[in-house]
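Chain nomenclature is as follows: A, B, C and D, assigned in order of appearance, with residue numbering initiated at 1 for each chain independently.
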Amino acid sequence: MDKIELGEFIKSTDQDLEIKEGIQFVEVTVPPSKLHSLAKKLRETEQTQFDFLVCISGVDYGPDLGTVYHLRSTKFDHMVVLKTRTSDRQNPLLDSVADIWNTADFLEREVYDLLGIKFANHPDLRRLFLDNSWGFPLRKDYVDDINIVTK
Amino acid sequence: MEEQVKNITADEQQEYVINMGPQHPSTHGVLRLVVSLKGETVKSVQPHIGYIHRGIEKMCESITYPQIIHLTDRMDYLSAHINNEAVCLTVEKALQVEIPDRIKVIRTLMSELTRIQSHQLWWASFGMDLGGLTCFFYGLRDREKILDIFEETCGGRMLVSYNCPGGVMYDLHPNFQQKVKDFIKYFRKILPEYDQLLTGNVIFHERSKGIGKLSLEDAISYGVTGPSGRASGFSCDVRKHEPYSAYDKVQFKEILFTEGDTYFRYVARIQEMWESMNIIEQLIDNIPEGPYAVKMKPVIKLPEGEYYQRVETARGELGVYIISDGNKNPYRVKFRSPNFVNLSVLNHISKGFKIADLVAIGGSLDLVIPDIDR
Amino acid sequence: MLLNMIAANSSGLLSAPWWKVLYDFSSLTKSIDEGLYKALGHFWTVVTEMMIIGVLILLFYAVIGLFLVYAERKVCAFMQNRLGPNRLGPFGIFQTIADLIKLLFVEMIPIKNADGFLFNLAPFIVIIAGFMALAAIPFANGLHAIDMNIGVLYVIAVSSMGVIGVLLAGWSSNNKYSLIGAIRSGAQIISYELSVGLALITIVIMAGSMQLSVIVEAQRDGWFIFKGHIPAFIAFVIFLIASTAETNRGPFDLAEAESELTAGYHTEYSGIKFAFFFLAEYMNMFIVASIAATVFLGGWMPFHVGPWDGFNHVMDFIPPFVWYIGKTFFVIFIMMWFKWTFPRLRIDQLLTLEWKYLLPINLVNVLIMAFIVLMGWHF
Amino acid sequence: MRSIINYLKEIFFGVKSLLVGMKVTGSYFFRPSTIVTQKYPNNRKDLVMFDRFKGEVIMPHNEKNEHKCTGCGICEINCPNGSIEIISKTITTEDGKKKKAIDKHIYHLGMCTFCALCVKTCPSNALAFGQKFEHAVFNRALLTKTLNKPGSQLMKGVE
């Protein structure tokens, strides 16, 4: 399926989704509550079969925190980008997709470590690179006077 | 505290927990594996990483695009050139710069040389993991010849920093073509020796066949790419699926196996060296004339948007995801590093094998720790 | 007393030509023995002789150990396209002496919660096992500390004592890697002991004696490896493999297994105690190589071909000690070649190799050899 | 019977593969001419680095002790690690104009990652890469270098 077809197909499954044709991929913005069900649907539907989760990137959008999922189908060679964001900076909570793709286990731990986004139903959510006492360095409001030197 | 002690089951009490690393000869860096053993059989492996986490993604947010390139060298230092190329391709894609053929061919040649030298070092250290110390020296001896070629053209041996947005830093050195040809001639003669020393060896067969089997479903689900994934039959070669640089102009075959054990991960890499040499031979005589770099603006600003570029490093699929807000610094850079994802499968495939097999499996996944930590 | 015993064994050579007398150490040892006897009496003679032999063996041990470390480094370097040690002295020959001096001055790190007594005892057990085995080896005609009539048995028994030291070292270090290494080593040495013994028995059947000097003497008209047809050759190969395993070397260095267990049982040792383990490894290699040379390749006996008298005469001109050292180093070189070529086995494969391959072949081999000897088919 | 033949076959091919491996190492052992070791400190004299080798950043001076650095500070901006600091001063030229010139071009070798951006972007080609690669010192302060030589001046004709 090419970009337009894919966008229309995803649109047809759920009218509420915000779908944008990006420069490279179809970008689907989902509310956090629908993330897990949409991901499962994309993985299991015959026409899409997104069986390869390429990467999860956590992004600090300023007021919001969000994650970006790059999905790829090894059968059809098409890609889709899922985006979700939450405005709760104190206790951001998203649904884990680790039960759909095993690789999400580590990728979500990385996002949790660097941005502090918690994932519900994650099998083993621990810090990965940093200490428990460390802040969340990829947030834009992260301050570290000792380790970050700015000219 | 007392309750915790009570909760430990009889099975857990018999577990013998050892720390492999951060300083351990077979982890090739500062990877720490907490291994639970029962006798010598591995029960579970928990990787603990972050010993050289430098925050490259955070650093990228405060520097300009040309400056990012020298940081990518230091992620996967064995495929430094391919990492550079990934960032450059992303920037060029965002700016919609048309890249002349000469640059594409130079980049492809350099990438393939990088791939060969990375696999040589992997072969060397994999042999050493299995106890064959001689492999280590043969691998390094041959790698030195490629590093000399790099040094002559790029000025650096390992961390080349040869790419820049819009092309490469310097033109090819006049000796480059001849030296590469000499190397290919030499290495075509030497590579069968690798097979004689290790591939055909009965001890090596015993140590690697059937060890750490990874099925195709698991390979896709865990996102294991590169030669490790292709040994399981996961067709994930970005050079084939989404050709960049000059890969659409050359003929090569994607090495695919179905068994997915340590032996076939090994064979996949050896075969890739042959394929890389084929690619180089197709290109080395037809380097087109032209400029070695496109003139770029002094300050590169990416238009607002999101850009994703995938390239095939020696270890798998590297993804560069740049979110730009129109400034000279990126808003967010994310590197999808192949090693980080490949590491996640270690626990799954090494369960039930011996501790010596864990070393072999870890070696066959070809982990580079700075790329895991970033 | 001791020396006298040796002299008695080789007294049949008195009518031999001059070079044989010259190369025969028995007359020398006999005269020393008699001189001491006259001067000191029985008790003090034995004490003095024991001390002389002890000092000689100690010196020999140190020299051979140092030389073997150097040789190993050079051999592996050449196999790996390197130069090896090349700075200290011509071709770097003083490198190992410098290393030894460094090891002597290295701080000995005390290990917390280690069993101090056993921890300190272990390297000595390993070293003493090597010393004791050295006593029974015939270096040349008459150069023999003690010539027991059960020499082969004694050597097998004593050389396997080193494993106690290894086990103690692994246990007392209070280190998980060391313990795994020690347990591996125990399993390995106990299994391979069997193959070493059976391979030697194959030759004992042929020689009809367990006394090492008699075994050497029996190879006067040809070495056993040639005299014994194929079974002797198979026994030699098995002995090589098994003894490599027994010395924890080469593809069988699971007890140390650098890439798996950092340094195995001697992970926690430093300084001179580490040097003891290090030297003991090379000494054990020397001992098994010299047993292989003595039993299969004729020990100090020159290369003789039955009826060719002229050829045999020429061979006799080369001193027996040179023959012995040459053969030993040939075997050592093969063992080094193994080590620097092959990847390491896994512990279960190691035991499979012993119990599924070496042991059955060995038993059949002993049977064939007995049959050949009974039929008188050997040369 | 077949199992015995297989057993013997296994042994035969196993031993054969081991001998093939030993042939490789053995052949190198008896060919010392293939040795690749360089006796490094002894061959310093004839050890020539490639001309593009990135040893350290230098500022070439001509025989009149003149350099090309105008003190524009582009290298300082482009350096990703802050390993270049430029201290400029104001001088009066012969025709009475006040002009900005370089006082000290400070280069921290210990922080340099040899990305070549300073050399590449310098508008007057004042910087280059030196071939020296033996940078070990006992004091970290020695790694901070002043690239312009004392008393040096801007080369004529370079703006």
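The working rule: a contact is a pair of C-beta atoms (placed from the backbone, for glycine too) under 8 Å apart; a residue touches a chain by one contact, two chains touch by 3 or more.
Just so it is clear, the structure is predicted and the values come from calculations on it, not from any experiment.
**Student:** Would you identify the chain whose C-alpha centroid lies closest to the centroid of all protein C-alpha atoms displayed?
**Tutor:** Most central by this criterion: B.
**Student:** Out of C-D and B-D, which chain pair has the most contact pairs?
**Tutor:** Greater number of contacting C-beta pairs: B-D.
**Student:** Averaging over Cα atoms per chain, report the distance between subunit C and subunit D in Å.
**Tutor:** Distance between chain centres: 51 Å.
**Student:** If you average the Cα atoms of subunit B and of subunit D to get two centres, how far apart are those centres in Å?
**Tutor:** 24
**Student:** Can you check how far apart subunit A and subunit D are, centre to centre, with Cα atoms defining each centre and the answer in Å?
**Tutor:** Chain centroid spacing, subunit A to subunit D, equals 41 Å.
**Student:** Centroid of subunit A to centroid of subunit C, CA atoms only: how many Å?
**Tutor:** 65
**Student:** Which residues belonging to subunit D are in contact with no fewer than two other chains?
**Tutor:** 18, 21, 24-25, 36
**Student:** Send over the residues of subunit A in touch with two or more other chains.
**Tutor:** Correct list: empty.
**Student:** Which subunit B residues reach two or more other chains?
**Tutor:** In subunit B, the residues touching two or more other chains are 134, 141, 197-198, 201, 203.
**Student:** Considering the complex alone, what residue numbers of subunit B touch subunit D?
**Tutor:** Spelled out, the residues of subunit B in touch with subunit D are 63, 66-67, 69-71, 73-74, 134, 141, 144, 151-156, 159, 161, 164, 169-170, 173, 193, 196-198, 200-203, 298.
**Student:** Once bound in the complex, which stretches of subunit C touch subunit B?
**Tutor:** Per the stated touch rule, the residues are 76, 79-82, 176-177, 180, 251, 253-254, 257-260, 262, 340-349.
**Student:** Once bound in the complex, which stretches of subunit C touch subunit D?
**Tutor:** 75, 78-83, 86, 337-338, 340-342, 357, 361
**Student:** Can you check the complex and tell me which residues of subunit D touch subunit C?
**Tutor:** Against subunit C, the touching part of subunit D is residues 11, 18, 21-22, 24-26, 28-29, 32, 34-37, 39.
**Student:** Within the complex, which stretch of subunit D touches subunit B?
**Tutor:** 13-15, 17-18, 20-21, 23-25, 36, 49-50, 52-54, 78, 80, 113-117, 120-121, 129
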